[in-house]
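Pasting the structures in now, so scroll down.
One chain, chain A, appears in both complexes that follow, with chain B as partner in the first and chain C in the second.
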Partner chain A sequence: MLNELQKDLLTELVNVYVGQAANMLSEIVDRHIVLNIPDVELISFSDVDRKDRRYNIFFNEGHLFRSSLQFGYEFQGKAFLMFPAEQAKILANMCLGELTETIPENFRLMDTDLDVLKEVSNVLLNAIIGEFGNFLELKLEYVLPDIELIHGTHSDPEILLQNEVYVLVLHTSFLLAETDVKGIIIIALSMSSISILLDKIDALLGAGHE
Partner chain B sequence: MNNLLSQALKKANIGMLIVDRQLKVVLWNGWLERFTGKNAEEVIGLNLLEVCPRFKSSMYQNILQNALYHGQSRFCSSALHKAFILPREGEDEYIFRQNMHVEPLYLEDHSYALIQITDMTNTNTRVYKLKNLIKELETEYTTIKKSARMSKHLSLHDVLTGLPNRLAYNDRLAWSISNAQRHDSKLAVMFVDADGFKQVNDTYGHDVGDQVLMEMAKRFRETIPSTDMVARLGGDEFTILSHLQNDQEAITIAKKLDAAFSTHFKIAGNHINLSISIGISLFPTHGQEPSELLRYADQAMYTIKKNGKNGYGIYEPEHVEEF
Partner chain C sequence: MKVLIVEDSIFVQKLVRKLIMDHTTDCEIQIASNGEQGYNLYQTFKPDLIITDLLMPGLNGQEMLRMIREIDRDVHIIILSADIQKATREEVESLGISGFLNKPLTVDKANTLVELIRVTNHAE
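Entry: the complex of A and B
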């Protein structure tokens, strides 16, 4: 759905946005965090290739940490940040200064871990959605993210995404203390919001979107 | 209704305060009064940074600006921030943990930030204690597992040479025989004894004797294929279990073992010459039972000893075929 130029521009934009989030997180946890979004895609969920490892999180069975943030007004949709539970635990440990790269098999996500992850996702999703709003010069309203631990099975990737038609997928990587924690950000947008976004990108590229 | 609302604000079990765009406090609820000892009357109208010095940090000012100017909601966890509002004087500020929610509010053309403070001190203490307990249990479990592994190793190995002991050898022999039966393959059981080891102990002492045994174990290990097994039964007695392509191969291995002892041992400045006697029994030629095969190999070894030591021989029902 995105051509190469649009994809490049969008990737650059979101990397600037998450860079700001990374600075904020670094200040909070008092250690250097780098956030990377190497790849941005605008896809319809039915187009996802199940063999594409980057989408394993949807098709593998296991526990997932999911944070979701609803936003609305002129630019509308819902943003999700998802990690396999194990990656979420590593990230929480790192933020709390418990530098363990491996975690025991029967690990638990404690209340404090969930609070840390809620804040991390809040900072990250706010940065992305807020900056999209600035970029589009549109008024936004959004609330605190909801967080939950869910058990994903092979059959319910569609439920995870609540049947949104087109989604922006940001493959996300947190680098801190030599650990690379991989997660995924999904931004489900209404069709009109997608058009607004593409129009603005095309205007910026000087190409004009039909 | 307004009266009910103000009662609710007074009694709510969370801290609630509202600031305007100039960060002037416009609401300060009962929880904050109780926690800080500062009454609403003395706080309202003051700048938040004067009332709550923690908000002087640029991080928190950014959070408030984002709520006031960009409508952003924000959650800050006690695990990362500890506390935002300090207690009344005389209380230890370091023990308190608080979560903070910042939400934008709008009235007519003005925007405000609602700051909600939830006390997390007890939750954090509970989680901290639970984490410590889990850590202790993990350490305990690792120690137990390690000591169980160690006991298992000790129960199956000879302490001096580190070789498997009689128990481990018997176990492996029984397993190898049943495996060989299924695959129609051949085995050799070798009984090896050092010639004149008692003399080594008597002449050089037990410390040197122990070092000789360790050196013997090393030479055995280096000589036999890695798939075969050497064990120490006790004293200067060793057994070897070899997997064979044919019976003749047992002789080849025995020759190699013999050759491995052609050079003297150099221990604590002493040059010690030591030969070995090897008795061999074969599976399936001589039997199917582990004890039977060991007994025949032992008999073959004694025949070698009787006939002048330093050699190897295969068990024969009537006599030992010597080489």
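Entry: the complex of A and C
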């Protein structure tokens, strides 16, 4: 789907955008955050290899916290941020200034936690999607972010994961000082949006060679 | 001074309310969770300053701002939003605002917000 140069530039852009989002998260929890983006892929979900360990967060058993932000109209899609529920709880605790880095087995995500996680997700996803809007010089309209607790085994068919839908997968790993809070960011794009993005990338690559 | 906070996150509502209470005296605060509530409270509460989010359920902050500006060019409005798009900022700036701050509300941004509130208060 992406040639080597397109992937290189897209990875670079996303690195910057996610870096800014990580900086915001660092400011919220007041801790240093190391953010790795091992890979950026533009794939059809039907191509996902379920044995690929990087997609474990989709297919593993267990509860996930999932936040989504829908955007449109010229550049249209939906961005998702997902954490295992236990790590979402740790993140919420940190945002609320609680220093607990381990949580009991029978923990529950309370309304306060969900409110905080919704706000944090909103800031992070806006930081990334908003920069795509700036990059494309398009005004993106957002639909209100949505949060859900879903069960891992039921997550895959729900996540816009029909065939023919392409997803920009950013494999991110948020590392909050001494606490391994890991999440994944997925951006699902319509075909026309992918064309807009690739046209802009190609234009930039072309300009770079002139 | 009367301040109206329009924000759907309870977490941010509390944060902004505490910030104002800690740094100002004689301040009356009311809170709305979306643009529609915000507009209704604006009409009854008659605030000197509105601090509003943009993306909210129902009527959003930008629409609320537009409706208020149709009848009132004077009330001070500060935007506190996660939307980092230049186009969004330009649109709301064209409607007349006293400040635009991007979330999250860090210490530096909180100081800026307090300063904006002080300037607004002295302008009354």
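In this section, the second predicted complex is superposed on the first by the 184 of 210 C-alpha atoms of A that agree within 3 Å, B and C clash if a C-alpha of one lies under 4 Å from a C-alpha of the other, contacts with A are read in each partner's own complex, and residues count from 1 in each chain.
Here, a residue touches a chain if its C-beta (ideal position, glycine included) is under 8 Å from a C-beta of that chain, and two chains touch if they have at least 3 such contacts.
Just so you know, these numbers come straight off a predicted model, no measurement behind them.
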Quick one: chain B and chain C on chain A, clash or fit? clash
Touching A:Asn126, do we find chain B (first), chain C (second), both, or neither? both
After lining up the shared chain so the two structures overlap, which partner does A:Glu4 touch, if you call chain B first and chain C second: first, second, both or neither? neither
Given the touch rule stated above, what does A:Pro104 touch, chain B (first), chain C (second), both, or neither? first
With the two structures laid over each other on chain A, which partner does A:Glu27 touch: chain B (first), chain C (second), both, or neither? both
Based on the superposed arrangement, let me know which partner A:Leu140 touches: chain B (first), chain C (second), both, or neither? both
With the two complexes superposed on chain A, say which partner A:Asp115 touches: chain B (first), chain C (second), both, or neither. both
Taking the contacts chain A makes with chain B in one complex and with chain C in the other, which residues are shared? 24, 27-28, 95, 112, 115-116, 118-119, 122-123, 126, 130, 133, 139-140, 142, 144-145
Contact residues on chain B for chain A in the complex? 59, 62, 66, 70-81, 99, 101, 103, 120, 123-124, 127, 130-131, 134, 138
In their complex, what parts of chain A are in touch with chain B? 24, 27-29, 95-96, 104, 108, 110-113, 115-116, 118-119, 122-123, 126, 130, 133, 139-145
In the complex, the residues of chain C that touch chain A are 8-12, 55-57, 82-88, 91, 103-104, 106
Applying the document's contact rule, which stretches of chain A touch chain C when the two form their complex? 24, 27-28, 95, 112, 115-116, 118-119, 122-123, 126-127, 130-131, 133-134, 138-140, 142, 144-145
